[in-house]
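Next up, some structures in C-alpha cells.
Each of the next two complexes has chain A plus one more chain, namely chain B in the first and chain C in the second.
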Partner chain A sequence: MAAMIRFAGISVNFGDGAGLRDIDLDVPEGALCVLVGTSGAGKSTLMRLVNRLVVPSAGTVTLAGKDIATRDPVELRRGIGYAIQSVGLFPHRTVAENIAIIPALLGWEKRRITERTDALMTMLQLDPALAGRYPHALSGGQAQRVGLARALAADPAVLLMDEPFGAVDPIVRRALRRELAAIHRETGKTILLVTHDAEEALELATLLVVMREGRILAQGSPLELTAMAADPFVRELLGGAGLPLRRLDLLHVRDAVRPGEPEAMAPEIDADASQLDALRLMLEHGATSLVVTEAGSAVGALRFADLDGRGRT
Partner chain B sequence: MRTLPVQPVLAALALLGLLGFGWLAVAPNRLVSGTALSSFAALHFWVAAVALLLVAAVPISPRRPALACAALLAALGVALWASGAAAPPLLEGMPPAARVMAGPGFWLFLLTLLLMLTEAARPAAALRRTMPLVLLAMLAALWFGGALDALSLAVEYRARAPQLQDALLRHMLLSAAALALALVLFVPLGWWGFRASRAEAVLGTTLGLVQVVPALALFGALMPLLGALLRAVPGLREAGLETIGATPALIATALYAGLPLWRGIVVGLGAAPRDLVEAAEGMGMTSRRIDWELRVPLGLPIFLASLRVATVQCIGLMTLGGLVGAGGLGAIVFEGMAQFATDLILLGALPVILLALFVDGVLRLVEGRLARWRQ
Partner chain C sequence: MSRPALLPLGLGLLLALLASGGAASLLWPEARVMDTPRLLSLAGSHARLAVIGAGIGIVLGVALGLLVTRSLGAPWRRPVDSLAAAAQAVPPMVAVALALPGFGFGAAPTVIALVLYGLMPVLRGTIGAVEAVPRAALDAALAIGLTPAQILRQVEWPLVWPLLLPALRSAVTLAMATAAVGALAGAATLGTPIVIGLQMQNEAMLFQGAAATAALAFLADGAMLLAAGFQSRGALPDRR
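Right after this comes the complex of A and B.
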C-alpha cells in the first residue's frame, strides 16, 4: 500500500538538544498509526510536522506523494483534521458553530453545513439539544466528542489526534475509543494518534511507533512490538508485567486452535474470542483446555499450552 | 476572607455629618461662607427621623437589601426635603442676595449615604439596577417639585441655567471628540504594539510618561508648544488648529486617555489562550482570520473595560479644558474658583461627576450583556 504520510530523514532542532532526530516513517494509507513514548519524546512535534505547525530543519514530509513544503500551509491544514488534548473549542462559539469552523472556512453552503453538523452530532452521540450550547456548559467527554466532530467535519483524508481523549473517565474514554475505531473502520481515513495509554495504543494501532528522546525506537504492529524479543524500554512502556496479558488480548482463539477431540466436559469458547478471554475461562473453570466452536458447532480444541502461539514452536 | 463591616463605619460617618458639623449656613450673599447652622437648628425633629432610618438600615443591610435600600433612600429624601423646607423661614427678613447654603455636614452625610446605598444594593443584582433608578427618580421629584428651590445651589442654577446647559453639551461634545481622537490614534498603535514587542516596550514607556506629567502642566505646556508649531507650519492654523481653545484641550485629553486604550488593545489581543490560537492555526485559519474571529471577540471584555476607563477619564479631564479656553463645565468651575463662589464651583463640578458616573454605569451594563458565552 502507498504511504499516505512519509517522513524522510526528518530532524527538528529546537536548540538545547530538544527536537527530533533521523526520523524515517511511512504511514500507509488507511493506517491508524499510534505514537507512544515518554513525555517530551517528540510525539506532538512529529504530528505537528504534518500540518506544518512545525517546520523541519532537515528532511521532507510528503502527504499523498506530495512534499508538503511546496503546499500553501493554510490550504494544507484545511484538508487535515486536527484534534488536541485541550480540545481547543472556541469559547465564544456554540457547539454547532465550532463543528462548522472548517466547512465555513471552505465556503460550504449553509444547508450543507447544517446537514453535516447534524450528521456528525448523531454519529458521535451528541444530544441535538447541545448544538446551541457554549463550550463552558459541556462536560469533558462532550467537549472531546465535539472536538472530534470538528476534526471530522470537512471529511479530511488524514486525521491528527494529539491525546484526544485526555480528560475523561475510563468508561467514557473506552466509549470514545470504540467510536474512533468504528470511524476508522468505516471511513478508511489515515489517522495519526498520540496517546499515553498503552491499552488504548495496543487496541487501536495498526502501526505502533515508540519514541524516545526525539528518535523512533521501534515501529511495527502491536503483536510485533509486544513479542518477547522487543526492546525492554518498549516492553516497559507498553505494559511491563501486564504485557503478556495485553498480548493475549490481541490474539484470537482461531489462531491457536488445533483439530481433534477436546477433553470431556471442557467449557466452550467461540473461535473469534480473544485468547485473553480463553485464559479467563480456563481460570474460572479450572480447565486446561477449551472446546472451540464456530457458529455453535465444535471445530477443535484450545489447550493452555497453545496460548500465545507457544504450541506451534 | 472576612469582609470589613463597611455599613457600620459608613453609618457612623453619616451620623457624624448629620450631628457633628454645620448642616446649613446662612450668608448675606453668594460669595461669603456665612454662619453655620446645626442640623437640629435647621431640621428640628426631622433629624431624629433621619438618624433613626439611617441606624435601622445597618443591621438589616446584609439580609434584607431591599428594605435597607428603602430605609436609606427615605433617610436621604427626608434630609433633603427638610433642608429645602428649612431655607425660606431662615431667609425671612434678610436682603435679597442672602442665601442658605449646604454646610460640610450636609455634604459628608450625602456622600456617605450614597456609598451606603451602593453597598446595600450590592448583594442583589436586581437591586443594583433598580436602586439607582429609584434614587434618580426621587432626586428628580425633589428638584423639579421645587422642594430644593430655596437652597443656594438651586438659586445659582436658576441664574445660570442656559449657560450651564450649553456648557454641559459642549463638555459632552469635547469629551466625545477627545475620545474619538484617542481611538483613532491609539487603537492602531495598540495593534502595532501587540504585533511588535519592541514597539510595545517603547510605546508603553512613552504613554506611561505622559501619565506622570501632571494634567495641569500638560494642558499648560501644550499652548506654547502649539504656538511654536503653528508659527512653523502656518497651514495648520488655516486647518482650524489654535493655541488656545479646543485644540490643546482635545490633544491633552486624548494623550491621557491613550494609555488605558492602548494597554487595553495590547492586553485584549493577547487574551486568547495559546492552545486555542494554535488549534485555529492548525485548522487552517489565516492570521487575519485568527485576529478577527478569535483575538478580537475574546479580547472584547478587556477592550470595553479600557474604553470605559478612557471615557470616564476624558469626561473628567476635559474639566481642565476650562483653563485653556476650551469651554465646557470646566469653564464654570474655574469661574467659580476665581470668584470664591462655592455654589458656582459645585454647579460646574457636580454635572461632571454625574456624567462620568452615568457613562460608567451604561458601559458596565453593556459589558455585562456582551459576555453571553461566559459563565
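Right after this comes the complex of A and C.
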C-alpha cells in the first residue's frame, strides 16, 4: 500500500534535548494512525510536521509522494484538516461561519457552502439551531464537534487530530469516537490521531505508534503491540494489568472457534462477537465453553483455553 | 440611549452654558467678556485641531501596535514602546515649545504635541488587544491555511477593534482637553481666552476658556460613549 504520509529520517531540534530524533514512519493511505506516549514525548510535534507548523532540522516529510518542503504552506494546510483539543474556534464567527471558513477561502459558491455546513452538522449530530450561535455559547463537547466539522469542511484527504476529544465527558467522548470511526470507514481518509486514552487508541488504530522522549518506541497493529512480547513500557502505556482484557476486546470469536460439539447446555455466542464478550458470557454462566453461532445456527465451539489464540499451535 | 453618556453630556452642556458670553457677563458684570459667536468659532477650530491630532495619533498608534505584534515587527516592539512612553512623558506645553522652532507658530506645533501625547495609550491599547486574541484561534487559523494577512484581517482585527474603543475614547477626550495649549503657539483654540485672560488679569475670560475647554472634553467623551454604546449592541457579549 502506498504511504500517504512518510516521515524519513526526521529530527526536530528545540534545543535542550527536546524535540524528535530519528523518526521513520510510513502512514499508509486510508490508515487511522494513533500516536500515544507520555506527555512531552513529541506526539504533537510529529503531527505538526505534516502541515509545516514545525520544520524538521533533518529529514523529509512526504505527503502523497511529494516532499512537503517544496509545497506552498498555505495551500498545503488547506488540504489538511486540523482539529485540536483547544479547538480554537473563531469567537467572532458563528458556528456555521466557523465551519465554512476554508470553503469560503477556497471560493466555494454560497449554496454549496450552506449544503456542506448543513451536512457536516447533521453528520456530527449538531442541532441545526446551533448554526447561528457564537462559540462562547457552546458546551465543550459541542465546540469540539464544531472544530471537527471545520476540519472536515473542505473534505481533506488527510486529517490531523491532536487530542480532539479532550474536555468532554466519557459518554460524549465515546459518541465522538464512534463518529470518528464511522467517518474513517466511510471516507477512507488518512487520519493521524493523538490520544492519551489507551482504550480509544486500541479501538480506533489501524496503525498504533508509541512514542517516548522524542523517539518512536514501537509501531504496529494494536494486536501486535498488545502481544505478550511487546516492550514493558508499551504494555504499561496501553493498559497495564488490564491489557489482556483489552486485547480480548480486539479479537473475534470467529478466530478462535473450533469445529465439534460443545458441552451440553453451553450458552450461545455469535461468531462476530469479541472474545471479551465471550469471556463475559463464560463468567456469567460459569461455563468453560460456548456454542458459536452464525446466522442462528451452530458452527462450532469456543473453549476458555482457546481465548486469545492460546489454543492454536 | 446609553446611561453612562448622560453624565458627561449633561456636564458638557452645563459648562458650555456657563462659558457663554451672556452667563459670563452675569457672573462678572464689570468685566469684558468674550462674546458667544467668537467663542463658538474658537471652539470649532479647537475641536478641529484636537480631532486631527487625536486622529493622527490613533492611526499611528494602531498601525504601530499592529506592526510590532507581527512576527517580523517583534524586534521593534521595545524601541517603539519606549519611544511612545517618552513621547507621553513630554508635557504638551513643552512639546509645543519644542515644535515651535521647526514648524513656526500656528496649528502645526499643536497637532504635533497632540499626536505625541495621544500615541502611547493607543499603542499600548492596541498591543494589549492583539495579545488578548485567543492563542488557540490564531493557532487554528494558521494551521488550517489562512495567510498572515487573512489572519490579521479576518481573525485579529475583528477581535481587536472593539477592545480599542476605550483607548480611542480617552485619546479623543485627552486631545480635546489638551488642545488648549495650542494658544501658546498662536493657534486659535479655547486656550486663546485663557491666554488673554491671564495677560489682562481678566477672570471672566479665563473662566470662559477653561469652562469651554472642559465642556468640549465632556461633550466629546459623551459622544464617544454614545457611539460605543451603539456598537456594543451589535457586538459579542464575551470571548474565549
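Details
Definition applied: the second predicted complex is superposed on the first by the 313 of 313 C-alpha atoms of A that agree within 3 Å, B and C clash if a C-alpha of one lies under 4 Å from a C-alpha of the other, contacts with A are read in each partner's own complex, and residues count from 1 in each chain.
Note that a residue touches a chain if its C-beta (ideal position, glycine included) is under 8 Å from a C-beta of that chain, and two chains touch if they have at least 3 such contacts.
If you're wondering where the values come from, they're calculated on a predicted model, not measured in any experiment.
After superposition on chain A, the partners chain B and chain C collide with one another. When the two complexes are overlaid on their common chain A, residue A:108 makes contact with neither chain B nor chain C. Using the contact criterion defined above for the overlaid structures, shared-chain residue A:75 touches chain B and also reaches chain C. Residues 48, 51, 53, 73-80, 82, 84, 86, 88, 90-92, 101-102, 105, 134, 136, 150 of chain A contact both chain B in one complex and chain C in the other.
Taken in their complex, chain A has these residues touching chain C: 48, 51, 53, 73-82, 84, 86-92, 101-102, 105, 134-136, 147, 150-151.
Touching chain B in their complex are the following residues of chain A: 48, 51, 53, 73-80, 82, 84, 86, 88, 90-93, 101-102, 105, 134, 136, 150, 160. Partner chain A is touched in their complex by these residues of chain C: 134-147, 150, 154-155, 158-159, 236-240.
The touching residues of chain B, when paired with chain A in their complex, are 275-276, 278-286, 289, 293-294, 297-298, 372-375.
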